[in-house]
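Both complexes shown next keep chain A, but they swap its partner, so chain B is in the first and chain C is in the second.
On to the complex of A and B.
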């Protein structure tokens, strides 16, 4: 599928800290791509670079087929952007805000706007300043969707929202992306919410892309494995690389298998843990996968500052 | 063009309170100058100054700097997360709207106020037109300089800090330069060119601070605005140096005029580009008007 965002070898430094390091990523058209990572991983910096809000130190970015450095008004008519850090004209009422945005977009759909206004339950005559954070995010989202953009970029859209609003937000996005066929690039550290949306998952850690894969195949290849041992045993010295976070506690061994195959796992268990009596492999949620991966990345590079970390991006 | 007008309408709505205050101050200033709001005494003759008459020109000049700064800061190009950074508002339309706002609602009303004042004082049309033109040459660079300077900063607090640094550095430099005044102008007093050089020298530390601060920012286009601010500053300097024929209200008979001035307490606020010579021109205006 043709990528709507192409990032090649992106690098961005702030002083001595490398925020994004050699990041290469394609965001396919017509899909929801979740861009995940812990706080400070480089998600927001990447998004700012791709929207030309920050100038990259190296690398190329193409958005909607054009270099991001040249994003102009015509391009922004096809991009909807909502960020937790985005400033809004707080002195306006919701109605004034929409009236202000409308003339900028020739494709603005007034009927769609009215429908979203109702769906998001936004009070039109209340000032944005007086709205809660969640309501303000909904107003920003409304103003970014009413012209049916080709690309929707959401930077931590769930931050600070209460569960009810989050649910409405996700529900609304799901419904609309399904209907409209939008390409959505959503960054978050709130995996549980993104799980319902994502067709594809990219994980960034310490500025480096660690994983980029279809959500379905990711969930299919990860398993939480628990092994009951016949006798207490020490963990194997060189376990397979796909056994993440192996722990042996008493007569139980636990790990995350990142390349699950029933037959291969059975053979590996017999080879590396001969005392194994029985094992079971459970499917994992995206959140569990993310936590297992984040823990592994942290263990691998806990003592190495980002600028000194020599390891290349790896596909676990 | 429609987006320009759209943005202009939006700016007017956003700053409507400030514009109302601005209009009120202009009207009060005009009323005070024309003597409608009480008799104003002459400060130069050590008489108690009228509080309103002293405060109003300061407030008008402060607003003349402040309002263009506020209008630009509302959509500062230096702000990364500004609302319009990711919206399809062409920069041309945005800045044209800001310029129309500054010129149409700040500069022109000030010039108009000056023209009305000169006309109401009964000056000949030639003087009224010349006075208005000279006032425009003074007001426009100040407003544009304020706008250009504001465009360098991301937020109101940064702008205030930047302004404080520039003014503080200028004051400090001026204080130091006073030590060298005898060496710079042994005959006492600086001529226009020396004054300009000293002004630029006093601005240098502030500009250096600005340059260093800007060099550390990641958005390169800000240099463009730095350039605009510097060009505006030079324009301002050029206006000061240019040999304009100011409204020289020189008396035909100086002695008779002086005698007339002594008889009256009326003070006419100077409407001239050469603000440093206000007291002389004030006297000159009083004299010529008395003679007319």
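On to the complex of A and C.
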């Protein structure tokens, strides 16, 4: 299946700062892809480039099969976009705002609009300015779903939302389930927000893509390993590269194995920690995997100047 | 609301957990033959899981004969014959491994575990010690038993 978003060697600088650095990424159709990274990693810049809201310095992007530089209003009728810093006509009431959006989209589904309005508990006659942040985000989502777009792009939609609103937001978004080929590209600095939603995870750090993988395969290859040692021992000098965050404390050693294989791990434990008495490998949640990776990227990044090619972290 | 008991646990694929929960609900009678099964959209919304995951689970359950599609209604529950004893034993494997690991930590042998199981069964049978079931749940039972 053709990707719904294709990004090739995207580069974008602001003055001297490289916000996005040679980013190549395919977002598959019919899935939820989480685009993760700390604040300032380049998520918003990437999203703005792919929606033609910013001009890239280099690289090619195709959205829904067409170059993003040529995205026209017809293409935007198939894309729903909600961002953390959404600009909205704050002087309008919720009803006025929806009346204003409706004529722009021939496919606007009034019944669906009414259902979402009720689900989101939005007061139609209140001005957007008077709404809480959460309510405003729900209004923005409503206006971006009511025409049943094929692609939904969400930029940090959950930040600053209380858990109940976040929950309503996700529930409302999933109303779209069942539309053929419906795809979601959602950025977040906090994986916990999208943990169960994500079919695929892409991680960006300092403008570079660090990882792009199916959530299932990530969960399959990562394990949290705890080893009980027979006697106190120093950590090995050169542990395997797939042992992330190795720590030894007293008679316990812990690390995250990023390429788990029971037999291989058993061999490696015997080789690098001969004092090992027993070990235990536990499956990890996406959240824990993300934290382990983020820590490793930060450690790796600390040694490397931003301009040089860091060791390809994809191998982690 | 979903018509069967399901609580997501960390660290295991949601799809496996959901499949397991539905099969169990069918065996225990929580879901019975002809019941309307929630749509992919309802599953995904209620559990806040990806539609792809929900779709996959429904497809697998259908292939395995637990669900059938009925035009105009959607999916309905099919009660297949109780699976082979060996397959049912397989369901207990994860819990058994957990139990054996715990026993190992306490320097207990398999025979000791069997004794502990007998004890727990006696207590559960007498109906005076509901703690016995609680202990199993704490050991990582992915579903909660609801007594009608």
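Everything that follows uses one rule, which is that the second predicted complex is superposed on the first by the 298 of 316 C-alpha atoms of A that agree within 3 Å, B and C clash if a C-alpha of one lies under 4 Å from a C-alpha of the other, contacts with A are read in each partner's own complex, and residues count from 1 in each chain.
Rule of thumb we're sticking to: a contact is a pair of C-beta atoms (placed from the backbone, for glycine too) under 8 Å apart; a residue touches a chain by one contact, two chains touch by 3 or more.
Just so you know, these numbers come straight off a predicted model, no measurement behind them.
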| item | value |
| --- | --- |
| Overlay on chain A: chain C relative to chain B, clash or fit | fit |
| Apex chain A: angle to the C-alpha centres of chain B and chain C, given in degrees as a multiple of 10 | 140 |
| Which superposed partner A:101 touches (first chain B, second chain C, both, neither) | first |
| Touched partner set for A:25, first chain B, second chain C, both or neither | neither |
| Which of chain B and chain C A:196 touches, first, second, both or neither | second |
| First (chain B), second (chain C), both or neither touched by A:182 | second |
| First, second, both or neither for A:248, with chain B first and chain C second | neither |
| First, second, both or neither for A:219, with chain B first and chain C second | second |
| Touched partner set for A:139, first chain B, second chain C, both or neither | neither |
| Contacts of A:154 with chain B and chain C, given as first, second, both or neither | neither |
| Shortest span in Å between Cα atoms of chain B and of chain C, once chain A is used as the common reference | 26 |
| Chain C to chain A touching residues, read off their complex | 8, 10-14, 39-41, 44-45, 47-54, 101 |
| Contact set on chain B toward chain A in their complex | 2-3, 6, 10, 13-14, 79-83, 85-90, 218-220 |
| Residue numbers on chain A that touch chain B, as the complex places them | 48, 51, 53-55, 72-77, 79, 81, 83, 85-89, 91, 96, 100-101, 103-105 |
| Of all residues in chain A, those that touch chain C in their complex | 30-32, 167, 170-171, 174-175, 177-178, 182, 196-199, 216, 219, 280, 282-285 |
